[in-house]
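Handing you a structure now.
All chains are identified by letter, namely A, B, C and D, in their written order; residue positions are counted from 1 within each chain.
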Amino acid sequence: MVNLSANDVMVAKAARVSTIGKRSAADDLPTEGLINFLMRDRHGSPFEHNHFTFLVEAPIFVAREHMRHRAGWSYNEESGRYKELEGVFYKPAPERNLVQVGKAGAYRFEPGNEAQRHVVERDFYSAYAWAFQHYTGMLNRGIAREVARMVLPVGIFTSYYATCNARSLMHFLSLRTISEDAQCPSFPQREIEMVAEAMEREFRESMPYTHAAFVKHGRVAP
Amino acid sequence: MVNLSANDVMVAKAARVSTIGKRSAADDLPTEGLINFLMRDRHGSPFEHNHFTFLVEAPIFVAREHMRHRAGWSYNEESGRYKELEGVFYKPAPERNLVQVGKAGAYRFEPGNEAQRHVVERDFYSAYAWAFQHYTGMLNRGIAREVARMVLPVGIFTSYYATCNARSLMHFLSLRTISEDAQCPSFPQREIEMVAEAMEREFRESMPYTHAAFVKHGRVAP
Amino acid sequence: MVNLSANDVMVAKAARVSTIGKRSAADDLPTEGLINFLMRDRHGSPFEHNHFTFLVEAPIFVAREHMRHRAGWSYNEESGRYKELEGVFYKPAPERNLVQVGKAGAYRFEPGNEAQRHVVERDFYSAYAWAFQHYTGMLNRGIAREVARMVLPVGIFTSYYATCNARSLMHFLSLRTISEDAQCPSFPQREIEMVAEAMEREFRESMPYTHAAFVKHGRVAP
Amino acid sequence: MVNLSANDVMVAKAARVSTIGKRSAADDLPTEGLINFLMRDRHGSPFEHNHFTFLVEAPIFVAREHMRHRAGWSYNEESGRYKELEGVFYKPAPERNLVQVGKAGAYRFEPGNEAQRHVVERDFYSAYAWAFQHYTGMLNRGIAREVARMVLPVGIFTSYYATCNARSLMHFLSLRTISEDAQCPSFPQREIEMVAEAMEREFRESMPYTHAAFVKHGRVAP
């Protein structure tokens, strides 16, 4: 988290301008019930008068999923054209499920056996090292960064600033987390879910009533 | 101005993530030249990681022009369905030009003569008072607010929260202010220009380098 | 309806690019089941590769509600600055409910009695005529259109082009129509609901499977 | 190009609703001069009532640059989670410049010498083949597609539908093509410029007056 300017009181103020007008002393009125009502009846706009800026470090395949979120999101990312990339790559942690069962749109994942875990360990190392060696080799011979980087895998780490408001953040969370509270099932890849979980912690801390109402009403963005 | 979270340093940080990456100690580097470069070459996204929330009090015809700005803007407005509106109306100040010359897209305005000023003074009072009397009359007889309000003129005041980022704000300013520095001529109605001028003061104060670069490069949003 | 370029087959094509890739002979595959699945699991983006352009004629208070819809919508509207407005005003039809009961966010409406109906009939006529007379009076004395129009009521008709895609249209319909099929209650003003109903007819005709899936899954935009 | 619904006449119709209103027989009026005026004075909204849907086949590093365009763009892309990817990779053509000179934000490119060309030829083949071999090897041992694909390079081809309107397309073209007509310099990577050039041909063909005005006024989106 880099920066945020978000709280529950501003949600209530923005909602009350509809019904009470500008002179509302909204700070002194209770906000919890109002926020619940807004969430339940999908009055989304009062949740937009705030902002969260995150500095995300994640592999490219995660950044790609993240940046598909357009409405209410802004991004600035490290560029393989403008800088030489570091050889930092994502490797599945030991607890990461490796085997996919079921059909498109409703996958489940299972741990995989020891042989599979070994293959992943070995092949990721081999593939990443080979790719990065070719990348630096080409750079050393004067090939342009924007050309040499084409051989780098989507598992390489990138970093980017991502800015959103609470409404667009809830939309992101509804699609990129798995929860028993969710009214509608989601099937995010585990790696972007980890990014989403970190964002959700910041969200819950800065806007506790909004977060509680989001959970209570099925984790659907209003 | 209700709330803002905006400064020049974050613009530079967001821009530098492209070229230096996440470890940038951007706070310690000079930002003015970089911001100038971003503005000149229309790199707009670094100007989006911030937000401004304004509480605007303006007549409906101004709110209508304002809310045509969609990208990067959020609104919550007083509702004539949910609350009884107050009888506060906009009247042109004595210095407001009343006469329009020239053709569509390139109007100029002139003060008007004394007779015209008198007509406006009289007719505005007469029209507003008559409309509001009918409005309250219908309310008193139990007519729904959402029906009775149909007779209220677009000169009645409304209030709304408007949230944007610096990039969308600059786009707004480029279209809603008149300036000799502008590369491209604009023809805003004077009443929305007054709103824009108030916003520009807040913008200049919180992001002085960004504002200076905006002015220097023809008041075009990057 | 002015123009549309929308059908169910393109939805299926766009969705199948994820799973089958570019060589999909999607035209020959059944689309109904796939569209149902997309709607149920909120895969919204395949519904964006199309467009609807409507020419709407409605009073200003409806246009104001309509133009609050920003994401995926484009507008061009008649201007009271650039043309002299015609004196065509909205009057509630005899079957329009006039009395509002219940509290904010959950209003119900009732017809009203004969006296109330008479008051509306009389006061609307009186208020509209008076306002328009002042408007034309000021124009005749050389007052600028953008000034004179300030006294015109929000019940005056305007016209505008509104363009959207099927996803943004469904979002609009979910908020601006009342239906027993709706998973989440909505409380639109009757006048914008009439606009929405006309749009829904075009939508149903051009994208029958998409419309059926929208209704089946609670009239929530995916 | 998959589908388009775009022409110059609709631009003029949308613009004329401001000044003439709904009854405009805009089809019969000349449109060229009006479109020029709209472009020059940055009246952008009349260019939004249309749509272009492209099926793009490009390497991932191009798709990543493309999808940074958010406002007015919709995407659906082939998924490495839902389908096994084919081993089709991008290789720089013989005429592609390989060497980068100058500094960030103002690079120039030069052909490179024969040795460099040879290195690229050899290293691209080696890096791509190795990565794809590891990918299929892991799939064959039952590793989930979403895991195995992490080792694939950003030079692998993907395919996606991209939908936009003429205004968002012009913004894209202004940043992703290099032209002597451009008022503001751009530095796109050659590979996305090739995508942009293909789009521009479709644009020019369907909206010749709009395209001509875009070029005439410095290739800046209105």
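Please note the rule applied: a residue touches a chain if its C-beta (ideal position, glycine included) is under 8 Å from a C-beta of that chain, and two chains touch if they have at least 3 such contacts.
All of these numbers come straight from a predicted model, not from anything done at the bench.
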Set of chains adjacent to chain A and to chain B: C, D
Chain pair with more C-beta contacts, A-C versus A-D: A-D
Shared interface numbering between chain D and chain C [over half = same, under half = different]: same
Centre-of-Cα separation between chain C and chain A, whole angstrom: 33
Distance between the centres, which are taken as Cα means, of chain D and chain A, whole angstrom: 25
Junction residues of chain B, two or more chains touched: 19, 45, 68, 71, 75, 82, 104
Residue ranges of chain C touching chain D (in the complex, touch as defined): 2-5, 10, 13-15, 17-22, 45-46, 48-51, 53, 55, 57, 74-79, 82-83, 86, 159-161, 163, 165
Parts of chain A lying in touch with chain C, wherever the complex brings them together: 19, 37, 40-42, 45, 68, 71, 104-105, 174-175, 184-185
Contact footprint of chain A on chain D as seen in their complex: 59-61, 63-64, 67-68, 70-71, 73, 75, 80-82, 90, 92, 96-100, 104, 107, 109, 112, 115-116, 119-120, 123-124, 126-128, 130-131, 134-135, 137-138, 141-147, 149-155, 189
